[in-house]
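Note that chain A is present in both complexes that follow, paired respectively with chain B and with chain C.
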Partner chain A sequence: MKKGVPLFITFISGFILIVALFIPHEPFGSLQERFNDWYIIVSGFTLILGIDSLLAYHYRKIKRKEKEAPYSFALLLTFIITLLWGIYSGIKHGNPFAPTSTFLRYFYTYVFVPLQATMFSLLAFFIASAAYRAFRARGLNATLLLISAGIVMLGRVPKGEDFSPYFIAVTFILIAIVCILEALPRISIYERVLFFGLAIISLILIFPIGIFLKTKLPLLSDWIMNVPQLGAKRGLFIGISLGAIAMALRIILGIERTYLK
Partner chain B sequence: MKEFFEKISKIDRRIIYLLVFISITIPLLIKKGFEFEALPEVKNAYEFIEKLPTGSRVLISIDYDAASMPELQPLLEVMLVHLFKKDLKVIMMGHWPLGLPLGQIALEKIAKEMKKEYGRDYVFLGYRPGIAAVMLNMGKEIRMVFDVDYKGTPIDSLPLMKNVHNYNDIALLIGFEAGAVGDYWVQFAQARYGQKIILTSTAVVAPDLYPYFQAKQIEGLIGGLRGAADYENLLKRRGFAYSGMTAQTIIHVIILIFIIIGNIGFIALRRIK
Partner chain C sequence: MIKIILFLFLYIPPLPPSNIKANDYPNDAGGKIEIKWELSPSDSIIDNYIIFRQEEIEGKWSLPETLEILPRGTNYFLDSNCKNKVKYRYFIRAIKGEIWSDSEFSNVAVAHAEWFHKKRTSVLILLIIILAFLLYFVRRAKKEELFIRKITGLDAIDEAVGRSTELGRPLLFILGLGTIAEIPTIAGLSILKRVSKKAGEYEVDIIVPCYDPVVFVAAQETVKEGFIEAGRPDLYKEGNVFFLSYDQFGYAAGCDGIMVRERPGAIFLQGYFYAESLILAETGNSIGAIQISGTTAVTQLPFFIAATDYTLIGEEMYAASAYLTRDPLSLATIKGEDYVKALLIIIVIAGLILETIAFLTKNSLFHFLKNFFEVI
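Coming up: the complex of A and B.
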């Protein structure tokens, strides 16, 4: 009974919504609207539930005098200040976000926005550092990813094509050096010729590829975005959607019950 | 030699941070930009808006917050200028409550600049929880979700909203996306109700939206600061996004240089070992 009622409600709700998608006429059409209304109301209450959970979690941390208690105290304090200031501005100006409201002008514009923007902008520094550390040509797949990333990074910014010949020159000179280093210790004459040949080809390719990228880099970048990238994305989307449908059916049919725990 | 390669494969992160900081701040302070061609997906969006008849209603959804403000706020402002210049009517709402005031600030600023009147030329509806349910109910009757605007004024008393009931009365929807709400707009507003949509997004979200553009489910796609700069260029109103592109070019080049240096060290050390 304890599990039977929620499972029955889930089954009926899911079933009606699926039927309403294909039969938008009465009585299913209006039922769908009613379900949507309930969903909006329940979503509103989940915000309250979230606040309750957050406050209870941090209150417990303060009560137990845990190591992170000062941060929890800061959170509770700022929560109370935000709430009281918002209510005060709401009463005074009719809305906490009214253009004349001090809550909007001082708290939101000068405290909240810079804090949130700062947190996110730190990403630029971490990405630069992480790209340098992690983007290594460890194998064929990693090298292909590296080349595509380089093309897209330069192809999507203005004047990127002007920089591309220099990158090509450096990269191919490096390949030539690696080939020469590879050739020197070889005893077999064929292997030596092969690696020296590869080094010469790399050096010869600098000019045509550099010229090609200087004129066609944005097109190449667009091609990567529109063909291989899109193909991979579509595959992912189809996989995710099939997974979501399977999960939804499992929940509606009562096979998946973890949400009841 | 080995020491040198070890050094270049383990450059102190503080040096990288310093170079990133310098290469971003200096171009932003100098405010000088490069000339460049607009991307086709941005041109499509611009031309679609250009072709809208005067007085058409455009719904703007603010689905980002302050974290994505540097990328999306300049675009929002320049698009609002375009919409008001074309004498289109703007209805603004959003699914990210913490970012919604950013939309409101931009709307009030540009409306004041373009001498537009609240209720007649633009309306700010605010936020309602329940993303998918809000979108679906708006397809039936907007009043089922927004019976009042953000000030609590009944929308029936606003001249702009008088004959607006559902997506049929809205010529275009523009979503400003920093997350997955754009997918919901396509799934519920476009696929189900045939709503014309232009999606704008942060650069990191844009690749997820390309399938919709290629499948012609959206009319245009404006991704990241580059998209915003393209739009500023098309409208001949260069601002923050345009000058920000110089910083972006330099930072991309610097990151690539570091990647090459890191790989030189990596390959050389592998050979030595």
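Coming up: the complex of A and C.
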């Protein structure tokens, strides 16, 4: 009984919404919208539970005099100030964010927005460190990723095609130097020939690849984005959608019950 | 002479649009009529088209009502403010400065509500096929054990919890920014239950900061259930599952703070993520925690693959609960999904061949498969 009623409600709600997808006629046509409205109303009430949890969590930290208690105190203090000032502004100006309510607008514009921007800007550094790890050519896949990412990046930056021959020249010269340095200490004549051969090939390839990239780089970059990248993405989307359908059916049919107590 | 030409140009009314067709808008709940017309031959010099509507009331046409002013070059208008089963007719005025000309009336149109969305026939057929596969595999699952491939990310859960226990550090489970109405969040909760159960068995703390208050309530119940299933309800700490923030970067900053302060041994990033994904994963990486991520957000997957140890890619996340519980009915749905995927691959290949033939032969008949799967 404890699980039976929620399972029945889930089944009926899910079934009606599936049926509503195929019936535009009222009352089915607007059901999804109505269910969404109900969800917003219910979630509005749960926000009170969330605030209760947040306050209790930080109150506990202050009470236990934990190391982070000053931060918790700052949170509680700013919470109370914002709430009280919001209520005061709401009563005085009719809206806490009314143009005449300068205090909250000031805090939003000069504290909240810059803090958000600071967190977001961290992403640039994190992308650099993650890209460094991902692009280390440890195997065939990582090497392909490195090459294609290099082409896409060069193809998308201003003047990328003009810059690419120099980039290729520097890269291939470095490869040639590494090959020569590898060849010198080798005793085996075959290995020496192999590394010297690779160095020569690298130097020969600079010119044709440089010319090719100078003329075709934006096209190549677009091709990578529009063909292999988009194809792989669509494959993922199909898999994800099918997975979502299977998961939804499991929930509607009561097979998946994790969300139940 | 110039004055005469100028006079004619300025004062001769523009030619009206023609062939005005009004039809019920298909596959809707009614209340809509679409109007199409052929552009006025003077389209390049007119200023606007004005759409007028007349409604039939007790056998007589009402006075024309102005509906919309449209720029030149427009030949379509959707009237979304109609009553069902009421007759309407339309005419269009082409206007240039102070002068205008009116088109003839359109045919009489009536808006209807439809009982079946014809454009979604293909979806219905696919749904029936999925259900058929599902029922078939549910029957098979009762007789034999179904095989699904190994998912490394899910196998690593026990290893991650074990490692965290050895280090004497807590586990951190981040459910992302999804709401409870989103399937990735529910899939994340399934994994959370498994991780909580393991945490109970290994006697290790689990911290779950939440972004959404509804998810927070569900996460509290899930973790409690996990500890009860492990037979250690005494180890469940209500304060370890808490609401953190309803702001994206506030949430990311809070989670990062927890990572740096608590130094969890294992971090689970399971749910729907946006731009904060890499901020979380890289901070987790910097503290040396073993990280298992999973999301269906295609744009965030590369970040997780680059920054975490194991990643559940898209559908693998949805398969998690079935994979972890080994419940025959759940496994049957995964198996059914795989067969539908195989069917879709065949349809995609057939579509590719047919569209290539259609392109080469310029014969639109070969577009039938594409047209069938076009859903609005």
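Some notes on this structure:
Quick note on the criterion: the second predicted complex is superposed on the first by the 216 of 261 C-alpha atoms of A that agree within 3 Å, B and C clash if a C-alpha of one lies under 4 Å from a C-alpha of the other, contacts with A are read in each partner's own complex, and residues count from 1 in each chain.
Operating definition for what follows: a residue touches a chain if its C-beta (ideal position, glycine included) is under 8 Å from a C-beta of that chain, and two chains touch if they have at least 3 such contacts.
These numbers come from a predicted model, not from an experiment.
Of the two partner chains placed by the overlay, chain B and chain C both lie in contact with A:47. Contacts of A:255 after superposition: chain C is touched, whereas chain B is not reached. Once chain A of one complex is fitted onto chain A of the other, the partner contacts of A:120 extend to both chain B and chain C. Look at A:178: by the touch rule set out above, it reaches chain B but stays clear of chain C.
Of the two partner chains placed by the overlay, neither chain B nor chain C lies in contact with A:190. When the two complexes are overlaid on their common chain A, residue A:233 makes contact with chain B and with chain C alike. When the shared chain is aligned, chain B and chain C each come close enough to touch A:133.
Residues 36, 39, 42-43, 46-47, 115-116, 119-120, 127, 129, 131, 133, 233, 237 of chain A contact both chain B in one complex and chain C in the other.
In the complex of the two chains, the chain C residues touching chain A come out as 27-30, 113-117, 120, 123-124, 127, 130-131, 134, 179-181, 183, 186-187, 189-190, 193, 210, 212-214, 216-218, 221-222, 225, 239, 242-250, 252-253, 261, 275-276, 278-279, 281-282, 296, 298, 301-303, 305-307, 313-315, 317-319, 321-322, 327, 329-330, 333-334, 336-337, 340-341, 344. Per the touch definition, chain A reaches chain C in the complex via residues 18, 21-26, 29-30, 36, 39, 42-43, 46-51, 53-54, 56-57, 60, 67-68, 115-116, 119-120, 122-123, 126-127, 129-131, 133-134, 233, 236-240, 242-251, 255-256, 258-259, 261. Those residues of chain B whose C-beta lies close enough to touch chain A in the complex are 11, 13, 16-17, 19-21, 24, 33-37, 39-40, 65-70, 98, 100-102, 104-105, 108, 128-130, 132-134, 136-137, 140, 144-145, 150-152, 207-208, 210-211, 214, 226, 229, 245-246, 248-249, 251-256, 258-264, 266-267, 271.
Those residues of chain A lying in contact with chain B across their complex are 32-33, 35-37, 39-40, 42-44, 46-47, 94-95, 97-99, 104, 108-109, 112-117, 119-121, 124-125, 127-129, 131-133, 135-137, 146, 150, 153-154, 156-160, 163, 167, 170-171, 174, 178, 181, 218, 222, 225-226, 229-230, 233-234, 237.
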